[in-house]
Amino acid sequence: MFEKQIEKAETLVEALPYIKKFRGETIVIKYGGSIMNDDSLKKKFASDIVLLKYVGINPVVVHGGGKEISRWMEKIGKEPSFVDGQRVTDAETMEITEMVLSGKINNEIVTLINSIGGNAVGLSGKDANLFTAKKITGKDQKDLGFVGEIVKTNEGLLNTLQSANYIPVVSSVGQSLEGETLNMNADNVAAGLAIALHAQKLIYLTDIQGISKEGKFLEHITLFDAEELLNHPDIKGGMKPKLSCSVKALQQSVKDVHIINGLIAHAVLLEVFTDYGIGTMISR
Amino acid sequence: MFEKQIEKAETLVEALPYIKKFRGETIVIKYGGSIMNDDSLKKKFASDIVLLKYVGINPVVVHGGGKEISRWMEKIGKEPSFVDGQRVTDAETMEITEMVLSGKINNEIVTLINSIGGNAVGLSGKDANLFTAKKITGKDQKDLGFVGEIVKTNEGLLNTLQSANYIPVVSSVGQSLEGETLNMNADNVAAGLAIALHAQKLIYLTDIQGISKEGKFLEHITLFDAEELLNHPDIKGGMKPKLSCSVKALQQSVKDVHIINGLIAHAVLLEVFTDYGIGTMISR
Amino acid sequence: MFEKQIEKAETLVEALPYIKKFRGETIVIKYGGSIMNDDSLKKKFASDIVLLKYVGINPVVVHGGGKEISRWMEKIGKEPSFVDGQRVTDAETMEITEMVLSGKINNEIVTLINSIGGNAVGLSGKDANLFTAKKITGKDQKDLGFVGEIVKTNEGLLNTLQSANYIPVVSSVGQSLEGETLNMNADNVAAGLAIALHAQKLIYLTDIQGISKEGKFLEHITLFDAEELLNHPDIKGGMKPKLSCSVKALQQSVKDVHIINGLIAHAVLLEVFTDYGIGTMISR
Amino acid sequence: MFEKQIEKAETLVEALPYIKKFRGETIVIKYGGSIMNDDSLKKKFASDIVLLKYVGINPVVVHGGGKEISRWMEKIGKEPSFVDGQRVTDAETMEITEMVLSGKINNEIVTLINSIGGNAVGLSGKDANLFTAKKITGKDQKDLGFVGEIVKTNEGLLNTLQSANYIPVVSSVGQSLEGETLNMNADNVAAGLAIALHAQKLIYLTDIQGISKEGKFLEHITLFDAEELLNHPDIKGGMKPKLSCSVKALQQSVKDVHIINGLIAHAVLLEVFTDYGIGTMISR
Amino acid sequence: MFEKQIEKAETLVEALPYIKKFRGETIVIKYGGSIMNDDSLKKKFASDIVLLKYVGINPVVVHGGGKEISRWMEKIGKEPSFVDGQRVTDAETMEITEMVLSGKINNEIVTLINSIGGNAVGLSGKDANLFTAKKITGKDQKDLGFVGEIVKTNEGLLNTLQSANYIPVVSSVGQSLEGETLNMNADNVAAGLAIALHAQKLIYLTDIQGISKEGKFLEHITLFDAEELLNHPDIKGGMKPKLSCSVKALQQSVKDVHIINGLIAHAVLLEVFTDYGIGTMISR
Amino acid sequence: MFEKQIEKAETLVEALPYIKKFRGETIVIKYGGSIMNDDSLKKKFASDIVLLKYVGINPVVVHGGGKEISRWMEKIGKEPSFVDGQRVTDAETMEITEMVLSGKINNEIVTLINSIGGNAVGLSGKDANLFTAKKITGKDQKDLGFVGEIVKTNEGLLNTLQSANYIPVVSSVGQSLEGETLNMNADNVAAGLAIALHAQKLIYLTDIQGISKEGKFLEHITLFDAEELLNHPDIKGGMKPKLSCSVKALQQSVKDVHIINGLIAHAVLLEVFTDYGIGTMISR
C-alpha cells in the first residue's frame, strides 16, 4: 500500500539538489507565445512560479501582449500599419497596447498566481521608474512610432518586493526620458531586468523546442557558441533578436539562458529541476 | 533685496507645525472628479503628494475612472445600460473598465508623480490581494452586473511599499473570492484602505466646496453631526454614499475625513497644512 | 515525450497547498524505532527533513537510542538490570548511554541530513540548558537510577538556529538542576519541545500503523477522543506513554499530533503533504 | 478666494527639486556673527534648521562664542591679553570660555531648535571624543595659551544621533591628547566635521555678503579659483582663515562651501533652496 | 609563583554572579557630595562606571553642582540669598548655575570617563527635551526663583545612546514648558530618570554611610519600612528628600535604591558587586 | 574598613585596558593536557571563559580527548596499535573516539561552563559542516587509519552562535568529503578555526611553561623568530606540531598565539588580562 504516494514523495525529494543549487537566486522568465491562449497551461505555469518562490527561488515574470492587442485594435476599428514588415505603433495604438498589457494581461497573470497561493504584484516600466526606454527606429531610420528598447533599470523596487516575498509580474511597457509611453520588446525587457538583478537564469518561453542548427537540435551550448550562431542563416525570424538578447545577458551578469517550449506542461519546472532540461540552455 | 525670497522662506517654515503633527502618519486621498480633466491641476496635485512624502507623511492615492471609461466604451460601440438609474456593468464593460482604470488612468497618475520626483507604484485590488470584494446588487436585489464593494483588506503590501519610501496609487478594481473582476466605488475603496492603515486623514477630492446644510456651508463637524446628517434631505446624490463612507471610516480607525474641492489648486496641501482648511472636515 | 517528467512536475505542484499551509511553522519529529536500523529508510527520512526545511517549514528532530545502547553495554560486559520490568540506569550505564546518544546516533543523523544538503546541528538538553530534567522513580517510588523527565525548556537556542536556517537534532539526554545527567524518554522530550516551540505538528515515528481500538484503525481523532482513550485497555505498552505525551502536547500549544509508521518510506512527507495521511492524526 | 494660500502652496512645491537633490545629505552650518545678538533672526535660523531636518536633510550646527565670552570675562574682572594682536587664552579664560560656550550658548541654540519642534542635542569635542585638538602657537611660535585646532574626529556619535533623527549642535571646545581643554576656532571645527561626515555643504554664516575681489562680488567660484584667491590682498582679516578652511574642506570630501550673510532672514534656507543663492558658493 | 596574579583572577571571577544578574539592566547613579572634591576618588568612580558598561550593564550618571557654583558666584561678586533657609535662585544665579553645571562639571565627568576608555556623552534636561520641569515654591508658597522639579521625561535619547554603547552623563538643569531654565534637585532628577528607564538600581552617592535609625545603621530595608521611616525624626536634613525620592522610585518601576558613602573608594562597584554592600539598600 | 573589598574592586578596574583592547574580538582556546584531570582547575578554566564572554570577548573552546579515550578502549578490551610510534585509528577505535570526544568530554565542558552562568553549545566538525577533513598518512605514506587534518571551514554557525551570545565548544572530530569520520589533531583544528574567524588570539593550554630554547625560556617572540625556531633541535615532541600550527595561524589571519601552562589556575585570564602573561607569546 501507499506505493503511489511513496513514489510521489520520491519525486519531491529528487528536486532537492536543484533547490539547494538555486535557493536565493533570481530567475527571470519571459512569458509569452501560444501558452497565453491555453487556460490549462497558464495555470500550470502559475503553479511553477509559486513553487519556485516557495522553495526560496525568486522568480520575476516579464510578459508581452500576444494576440490580445490585435483583438482590441480590431474592436475599435483600428487597422494595423507596417513599414518594411515591422509594425508601426501610432499614438492610439500605443494607448490600446498599454491598456491591454498593463490593464488586462498583467492582471490576469497576477490573479492566476495569487489564486494558487503566490503573492504577485503587477508592474510596468513606469512603476518607480523600473526601467527607462528610448525610441528605436526601423531599417534606414524609418519611424516605427512609439516603439522602444530598455536603456536603464532602477531595480530597487524589485529588490524590495522580492525580499518581502512578493512575485513581480512586469508588463513590457516603458517610458522615455521625454515622457513618451513606448511599446517594448518583452525579450529585451526580460534580458535587461535579468542583467540588473544578476539573475541566475533567464528563461524564454517560446512555441518551439529551442535552437536548432543545420537540422540538429542544440541542447546545451556555450556563450561562445551562441555568439558564433548569431550570424548563422538558421537563426532567423523571432529567434534572432531572442538570441541576441541572450548573448547580451550572458556577456553581462546572467549565468544561464534557456530557450524552451512553453507548450510543454510545467516547462519552467522541468527546465529548472532537471539536469538535461527540455530546451536549449546557453551557459557562460 | 531678497524680500520676495525671504517671504517664500517664511512660507516654508509656516508649514513646520503641520509637518510635525502629521509626520509618520498615513493620509489616504481619493482622487477624482473634474480635476482629472485639467492637466495643470493634475500636476499640482502630484506635487502635493510628493511634498507630503518628502516631509515624512505617507500618502496613498485611490482613484476611480471618470469620463475615460465612457470614452472607450463609445470607441468600441458599447451602449451604456441602466437599471433604476444605476449603471449596469456587464462582462465586456468590466473588461474595458479594468483596462482603463488599471492600464491607463493609474499609469498616468504614477507617471505624473514620478516626473516630479516621487516614487509611485501602481496597484489594484488584485495585487497581492490588496483588497477582496463582493458583488452588490441594486434596489430590490436587481442585478447590476460586475459591481462590488470591499469586504477584506490585505494591507501588507502597502506597508512594505511605504516603509521603502514608495507612494502607492490604487485603482478601484477588485476581485471577488469567486475570482470575478468587479468595478468598485472608489470612495468605498479609499475608506476601506484608510481604515486598514489606521490613517490620520481620509481626503475626498470632489467638484464642490464640501458639505452644506440648509444653505450653510459646514467647515468643521463632528462624527456625531455627520451621523445625524446622513438622513438629512440636503445630503443627496454622490454626497450620500461619500458621507456614509466617511462615517464608517471615522467609526473605525480614521482620525479625520476631509471633503474638499479638487478644483482649487493644491487643494490637498491647503487642507493639510492650514488650520481652517478649504472644505468640510469631519473629526472624531 | 516528457510525459514522465511532466507527471513528476505535477507531483511537485500538488504539494503547494500543504506548503502554503505550513510555511513558517515548526514540526517536531520524534525519530525512533526500527527505521534506525535501515540505511535506506534513514536516508529517505533525512530527505524528508531537508525538503521540509527547503519549503520554509522548520523541522526539529528528537531521537532516543534504540538497540545501539544495548550493543555498547554488551561490549563493556555490562548486564542490564530491571526493577518491576523497568530498566535501571546506574552511573556507568548513564555514561555509556550519553556517549551513544549524543556522541554516536546524534552525529549520524546530523551527518545524514547534511549529506543531502541540510544544515543540521546536533544538540542535547545540556546545550545552552535546552531542557532541564528531574529524576523520576518507578512504581512504589522504586529507584530507577539516572532516569528523568523534562521540567523546563529554554528554547532560545532553537529559535536562533531555526531563524539562521539550521535544523536542530536533539538527543534525549538531559541534566537535573543538581547536575546529574539523566536518561530521558524521547517521546517526552519531543512533546516538551513541541509545546515550548508552539509547534504546528508533533510526529511520532513508530513501528506500527498508528492507534487502533477494538480492532479498528483510527485515522483521525480529536483531543477529546484521545483523552478518553487513555484508559482504554487497547492502549498499552509503549503506546500508553506516547498517547499521554500527545494529550499533554495538544492540551497546551501543539495543533496536531501524528502517530505514524516509520517503516513506510518517506512517512513524514506523506503525513504532512497529503490530506488523509498514513497514520493516526489527533487534532485539537 | 484662497489666492494667497495657493500662492503659499506653490512656494512649498517649488522647494521639491532642492529637497530631492539634498535628501539624506549632511549640511554643516557654522553659526556665528551678529545673528547671535538678534532674537528674531536666531529664531528664523532655528526654523531653517528644523525644516531641513523635516525634509530629510541632516543639519549639524557648529558655533563659537562671540561677545558673550567677553561679557563674562568682564564680570569676573578679567582683562583680555594679546600677543601680536592675537588673544591669549590663559587657564582661567579657558574655564570661562568653556562655561559660556558649552554651558550657555550651546544650550540656548538647543532650546531654540527644540521650541520649534526639532530634537537638538548639545555636544562639544569632549563628548565621546567627538574631536581631538592640539595646541597651536602664534607667529614665531609665541605662546597663545589654551588655543587649538582639530587633529582628529570621531564622528560615530554624530551618525548615531543623525540616524535617530536628532540635530547635533556642537560647541567649539576641544581637548588635547594630553587632556588640556582648548579653545578652538569654530570655522576650523565646522570644516573638520564637514570633512569627517562627507558633507554635501558647509555653510559659513558671517556678517558680510560673501567674498568680493577687486570690488566685484563673487557669486559662484570653483575650488581652483578659491585656491588662487588665498593669496590675493583682498582676502584679509577673518575671511582669510575662513577661505583657508573652505579650501581644505573642498580638497577633501565636502561638495560645496557657502559663505553667506547671516543677517539676511532665513539665510540658510535661501542658500540651500534656491539656485542662485544669496552669498558666495565655492564648488569642487 | 603567580600567586598574586591568580588571586586577582579569582577576584575577577567572583564578580560573575553579579554580572550575570545585572547584565542588560540600567543603573542610575546620582553623583555628588564631597567625592567631587577628591581627584583620586573621582577617577575611581569613573573606573567603576566604565567597568559596569564593559560588562553589559547600562549606567546613567546624574550630577548636581556642589561648591563649584558658590565659587563662581563669589567670583562675580554675587551674594547668596535665602528664604526660610532655602536658597533663592534669581536670574543671574540661574545663568551661572547652568554654566557651571552643564559647561564645567558635566564636561569634567565626561572627560574623566572617556580618559579611562568609556564613551560618555554630556546632557542636560534641555537636550532633546530629556526632562521637563516646573517651578516649585518654598514654604507658604514663597518664591524661590528659578528652582524646579521634574514633571515629564522623554527618555528616547537615553535609549538611543545606551544601545549605541554610550554612557549618558546628565546635569540637573531643566526647562519649564514656559521656557524658563530651572535649577533642579539632582536627587529628584536621578529618581525621575530611573523611573522612566525602569532602572534595576538607583544609587545615591552621599557623604554618610547610609540611613540610621535610633542609633542603629540600616543595611537592608523594604519599601514598606522606608515609607514608615519618612516621618521618623531621625530622617532629617538632606536625607529626607532623598528618602522621599527613593520611595517614589520604588513605588513606580525601580527595583532597588542604594544610599551609600561616596567617600569609600569604588563605592559603586562594592555596592553592585557584593551581596551585603556598603550602605543602605531599599528593595521592593 | 572595606580595605579588602576595595582592593578587589581595584583588581576589577585594572582589567579595563585589556577589556577595552579585546572587546568584540575572538579568542580560540585549545583546551587540553593534564588540566582535564583536575576538577578544580577545570572549574577555574570555565570561569575564565564565562568572564571573557561577559566582558564582550568571544571565546571558542576546542578540545581533544586525552586519557579518557584510552580508558574506554581498555573497557572494551581494545589494544592500541602503533606504526612508527604513531597511533593507528581503526574503525572501532574511531567509533569509541568520537563517542568519548563528542558524547562525553564535550558535554562535560559545556555543562561546566553553563553551571557558571555561560551559555555553551557543544559542536563537532560535523555540525553544519563546521570543518571538513582529509585523511593523512604517517611517514612513508604509512596508513594511520581514520586520522585527518582540517582542509576547509564553514564558520557561519560559529558566527550565528557568537552573535546570539553563545559560547561554542568544539570537539576535534571531523568528516572527510567521502563521509569518513576522522580523528583530528585538536591543535590543528584550533588553528584552523582561529584562522577562519580572524581571531585576535589563539591560546594553547599545555602542561609546560611555554617554549624554551637553549635552556632559556622565551616570553615573547615574533612570527619571524617562530619560523626560525621550527627547525631548532630544542623544538621536539608535541611542541613541534604546535609551533607549526602557530606559525600557520600567524601567517594567515591570527594576531597572537600563546602557548601557556594550563596547570596554573586561571591561566587564560592571566595571559589575556596582563601585559607580561605567563607563557610564550608569539606575535606577528
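Chains here go by letter, A, B, C, D, E and F, matching the order in which they are written, and residues are numbered from 1 within each.
Definition applied: a contact is a pair of C-beta atoms (placed from the backbone, for glycine too) under 8 Å apart; a residue touches a chain by one contact, two chains touch by 3 or more.
Everything quoted here is computed from the prediction, not taken from an experiment.
Asker: Which chains sit in contact with both members of the pair chain B and chain F?
Answerer: Under the touch definition, chain B and chain F have no mutual neighbours whatsoever.
Asker: Any chance you could name the chains that touch chain B and chain E both?
Answerer: Both-contact set = D.
Asker: Looking at C-alpha means, what's the farthest chain from chain C?
Answerer: Max centre-to-centre separation from chain C belongs to D.
Asker: For chain C and chain E, let me know how many angstrom lie between their CA-based centres, rounded off.
Answerer: 55
Asker: Should the pattern of chain-chain touching be classed as line, ring, star, complete or other?
Answerer: Graph shape here is a ring: one loop, exactly two partners per chain.
Asker: From chain A, heading first to chain B, what order do the chains fall in as you go round?
Answerer: A, B, D, E, F, C
Asker: Please output the residues of chain A touching chain B within their complex, sorted ascending.
Answerer: 72, 75-76, 95, 98-104, 106-107, 110-111, 114-115, 119-124, 126-129, 156-157, 160-161, 164, 166, 173, 175, 179, 181
Asker: Flag every residue of chain B that touches chain D in the complex, lowest number first.
Answerer: Its residues touching chain D are 2, 5-6, 8-17, 19-20, 23, 44, 47-48, 50-51, 54-56, 116-117, 264-266, 269-270, 273-274, 278.
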